[in-house]
Amino acid sequence: MIRTIKFQEHTSHPAAGCVEVNAGNTKILCTASIINQHVPRFLRDQHHGWLTAEYSMLPAATHSRTDRDATKGKVSARSSEIQRLIGRALRSSVRLKQLPQMTLILDCDVIQADGSTRCHAINGAQIALVRALQRLQITKSLRKDPLKNLVAAVSAGIMDGQIVLDLDYQKDKNADADINIVMSEHGDLIEIQGTAENKPFSPAQLNLVLDKAWPAIESIIHMQKQLLEKPYPYTID
Amino acid sequence: MIRTIKFQEHTSHPAAGCVEVNAGNTKILCTASIINQHVPRFLRDQHHGWLTAEYSMLPAATHSRTDRDATKGKVSARSSEIQRLIGRALRSSVRLKQLPQMTLILDCDVIQADGSTRCHAINGAQIALVRALQRLQITKSLRKDPLKNLVAAVSAGIMDGQIVLDLDYQKDKNADADINIVMSEHGDLIEIQGTAENKPFSPAQLNLVLDKAWPAIESIIHMQKQLLEKPYPYTID
Amino acid sequence: MIRTIKFQEHTSHPAAGCVEVNAGNTKILCTASIINQHVPRFLRDQHHGWLTAEYSMLPAATHSRTDRDATKGKVSARSSEIQRLIGRALRSSVRLKQLPQMTLILDCDVIQADGSTRCHAINGAQIALVRALQRLQITKSLRKDPLKNLVAAVSAGIMDGQIVLDLDYQKDKNADADINIVMSEHGDLIEIQGTAENKPFSPAQLNLVLDKAWPAIESIIHMQKQLLEKPYPYTID
Amino acid sequence: MIRTIKFQEHTSHPAAGCVEVNAGNTKILCTASIINQHVPRFLRDQHHGWLTAEYSMLPAATHSRTDRDATKGKVSARSSEIQRLIGRALRSSVRLKQLPQMTLILDCDVIQADGSTRCHAINGAQIALVRALQRLQITKSLRKDPLKNLVAAVSAGIMDGQIVLDLDYQKDKNADADINIVMSEHGDLIEIQGTAENKPFSPAQLNLVLDKAWPAIESIIHMQKQLLEKPYPYTID
Amino acid sequence: MIRTIKFQEHTSHPAAGCVEVNAGNTKILCTASIINQHVPRFLRDQHHGWLTAEYSMLPAATHSRTDRDATKGKVSARSSEIQRLIGRALRSSVRLKQLPQMTLILDCDVIQADGSTRCHAINGAQIALVRALQRLQITKSLRKDPLKNLVAAVSAGIMDGQIVLDLDYQKDKNADADINIVMSEHGDLIEIQGTAENKPFSPAQLNLVLDKAWPAIESIIHMQKQLLEKPYPYTID
Amino acid sequence: MIRTIKFQEHTSHPAAGCVEVNAGNTKILCTASIINQHVPRFLRDQHHGWLTAEYSMLPAATHSRTDRDATKGKVSARSSEIQRLIGRALRSSVRLKQLPQMTLILDCDVIQADGSTRCHAINGAQIALVRALQRLQITKSLRKDPLKNLVAAVSAGIMDGQIVLDLDYQKDKNADADINIVMSEHGDLIEIQGTAENKPFSPAQLNLVLDKAWPAIESIIHMQKQLLEKPYPYTID
């Protein structure tokens, strides 16, 4: 069982796509921006696009306030790790070679944090990303839809031998192991990150986790699809 | 005339106060956090509290995406200037000497930017600040209410000799002069910042601006008071 | 009444203009440098110039030594705020569209600080700026004089209801409100920054401040003009 | 099949443990340092120890030279991600609550990089860590051995449907999916990180990977044990 | 032969000593600040003082303006190297063990640069340092004079086989080798830094340089002594 | 007498040259990388190459572990000073004008530090540099050998009036003066850096140091030559 998820599009927002995800008390704003012409240095001589993600928590998003990365002068190691995960997950959903020279940036800003923020950031950013791809088709920057498949993510924990999904902060703190799973709409694995600082888990337990995760992921992808069937709702000037 | 303003409290948020301000397409999240024991170095030997503000725009809040301060490794000069203004404005509303050794941090994060963000950040942060003071009284950390008075702010521009209030992004770009006014509920000035890069303005024009600003500020303070009459709405654990 | 001001040109200095301002024990070195070809990114496609300012205090300029910004790895928020003010004030004195693609940098380095440093930085930098414009005309980089008007600045404080001008450090510390005023030679306002952390002030008091500030500013502009009537005194190689 | 691994202790090194790992052309120096008294802030009031890891590549370790993190002024996102993994893996092998207030730092410096550096960093650092624990027992800083179990790691890739272990740089570049597995000596999972930027993989394939990984990990742990049976070889002054 | 040197004390400056050095067009401000109680970490458990130096060029001090270190976010390598030299040279002139727990900071800010700035920074800072030691004796913070000896410095270059002293910028650029010599008033070497990027020099040439340097250094020390014979000229509040 | 020195080439390393220097317990890895096309900004319009060096200590190289420069966000002043010395010394051994537009980077990473690391970094980097020049000739990037001469370095200390060479950490700590000497194979001085924080030394003592240093440097250059007579040992792909 996962918490009730709500995706809400902020259609007055200037970005190409802007989705607020709510799951329990976790609230994340995911926006997709299109940076024309610009690609990272290592792609400069190839003529296609790139996708990257940035993840950040507002300082007061957690129970005790965290200092801003900007004040400390650097992106925290935790944020780095998470934004690399989000970027890899979403790149697997797009044929980057079909994009012109541009960078799609998915900003995931956690407004309120109550566990599973990295998974729900992926879930919301996937919708914002598809909106950006739709915009590129509407404005004729793209002829073909470069979307390969949708992806979604769910967190799982092992607590006293039991498997629980979509951990909130309390459960996350107490779980023996913590596993994040990203899957495509075809049920294949895109990313898996499992960590067992408190208590190791067996390969058999990992299989149980995967069995439980797929129906949850499938239901999230179903919600993404329902929302994305509605026509592109943002103004294009 | 100013744009319709809406203050909305996020009562599930973990901070001591959390107010979303909407004014036209400007949307800002203002939260008040209480950092017990901690004060800046220059206050260490005095036994009272401090108040400071942080201001930041989400990267996609503006029409063309801005790089994050954290990525650039420093707080931008514009953010610095604005958060110093917000801090000074709100410090004038509290008797800091009545606070125990603690720092109140007002985080103002711009989710969507369509002009006058520094003024509305003050307007929302004032409410979040009072909520934090209420919480301190409820939890018996404070015996007396240290609030001196409410403050509110409005921006004004001079366009073709006409005075307009609460500038949106389009107006702000085209105004000859740009004046931000912070006043207390008694009609006194707390801060005034006027700048005329395009075209100087006369002291007489400044007086007209002040005459127009006060009723707008008065109406905002009225809204703040109405909201704050409701009992403290956040859970205290 | 303001303190006795002395402007002294350092004519052996390699910059296009270099003025030492002394006002009481405040001593600031203002130099104007011409950076050919270079403009900030947002101006790259337009074919005209830019003007910017940098402000910094030598570490031992104040009574207790301050750490260097370079050692701390960033420009302090206070310096940022001040250099933005100086830049805006001086940009209002030049027709930037008449400059070729170049940046004029006004460096204001406080050698000894005894109050009103931001105002006297503007007063001295205005002279250095005009010297740089003269040099551009002498070297035929400019055909027309792009100077719109001179500007000057004065600080004012309200102490026990009295208005005092050109505050030194002692007065600045004790004033209830602190107002910096930049005006053009025509008596119009370029910038006004008033702050009342200790005690709010009324619009009527603000008008008294403006009435007192103008004669002081006028006398400073008179001194600037007298100095600038002398021919360009620096060597051009 | 994995590449031939060689662990070599640098017994003249001043650290508490210093192991050079060679696996093919991958060469990593892993050292364990004991920082007495010092623990991170979040542990300050608890009276036990902590373990952390740092990972870095020498700039010329890769085919084309990479700029130093120090020159760029920050730890790269990739290094951050890896050192967090190494830290978590090794913390799972020690009872931190049995350590006095101290931090064990495992420095993993890649001298030559030819794939699987994060896994072999764990494999070597595990040995250096045990040496540090031995030293603490010899010097009577510890009465009981706080070691829970040994851990080791292996990388796996899926190439054209085939599973290959211990990828070198060439294989890593061409693999469809890339999975890093850390297991304890009891065959339980400590960490799993699988990523499929090129081609998703099925849960069934993941199981095949786990089946192949365990014997490889087991053989590495066997090597660690053989080396660690030798008495503590470093000088203690 | 060296250029005419002028030492001028800024007696209205708030620092314990403040000396402006002029040598040709080189102009440096050297100030000595006393930071009570504070010493660097490595001295914390010893009960005596420390001396350190900071060196910086104002951005417009050179012919083409240099960016500020603070803007770049770090002290330049050249400044680092020079301030370490100045610090070592001046530490050799004081019995640090006779100082109470305090740090003396010698700030050397180059206002105008025309060669030999590091040497003249030492020459001026030596005077400011002695003034600070005098102040400590006047205020009874020190009972005995901790001064060991005076030091002074001169630069030398080898140009077409000829030795020239006190190089200005033009000579410095064209010299084959560049040697900085710091000596005590007893004619002993404190620091020697010789570099021959263009053309190596023989030990015999080095001896000729030393022979020429000593009389120049002796004459500078004579000037320092003459100035320091005058009573302490700064106000002590 | 100097400690036994061993130069060992790591011929499987991807760099153009990679030499491990061992002298007593000092162990340094020196690699030479060729960065084609790239030169620093000040050389952009000239059509020849550049050489630079980077020096860093692994954090555990010293008795008590040092924090990484990358963690602190900047290159330490000590490292800056040393890498500037190494760069200057090696630039004197090459005719840079004969190199095409490229930068040779000499990375000197100290794996174990027991004194004289800057000198032995030069000694090893000289060999790696010549290997890189050989590679450029083999790959036909260079027609003529641009090597001017070999250089080598030795440290010297004055202890109780006695001169000792190639100081280890213990001796370095106790020496009254510390002198680093870099000479060419012709016995000329390239760099000399002498510092006397504890006790000044006379010009006569400096001459004794130079007399002792030259035979030691000569023997190191002899070892360099013997090694370099062997054909280029690295694979070129």
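All chains are identified by letter, namely A, B, C, D, E and F, in their written order; residue positions are counted from 1 within each chain.
The criterion applied here is as follows: contacts are C-beta pairs under 8 Å (C-beta built on N, C-alpha and C of every residue); 3 or more make two chains touch, one makes a residue touch a chain.
What you are looking at is a predicted structure, and each value in this text was computed from that prediction instead of being measured.
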Classification of the chain D:chain F interface as same or different, half of numbers criterion: same
From chain E, the most remote chain by mean C-alpha position: A
Rounded Å distance between chain C and chain E, as computed from the means of their C-alpha atoms: 32
Centroid spacing, where centroids are CA-atom means, of chain B and chain C in whole angstrom: 29
Computed distance of Cα centres, chain D from chain C, in Å: 57
Residues within chain A bordering two or more other chains: 73-75
Cyclic ordering of chains (reference chain D, direction chain F): D, F, E, C, B, A
In the complex, chain C residues that touch chain E: 10, 12-15, 18, 25, 29, 31, 33, 35, 54, 56, 58-63, 65, 68-75, 79, 105, 107, 109, 111-112
Chain C residues within the chain B interface of the complex: 74-75, 77-78, 80-81, 83-84, 88, 91-92, 177, 179, 183-184, 186-197, 200-203, 206-207, 210
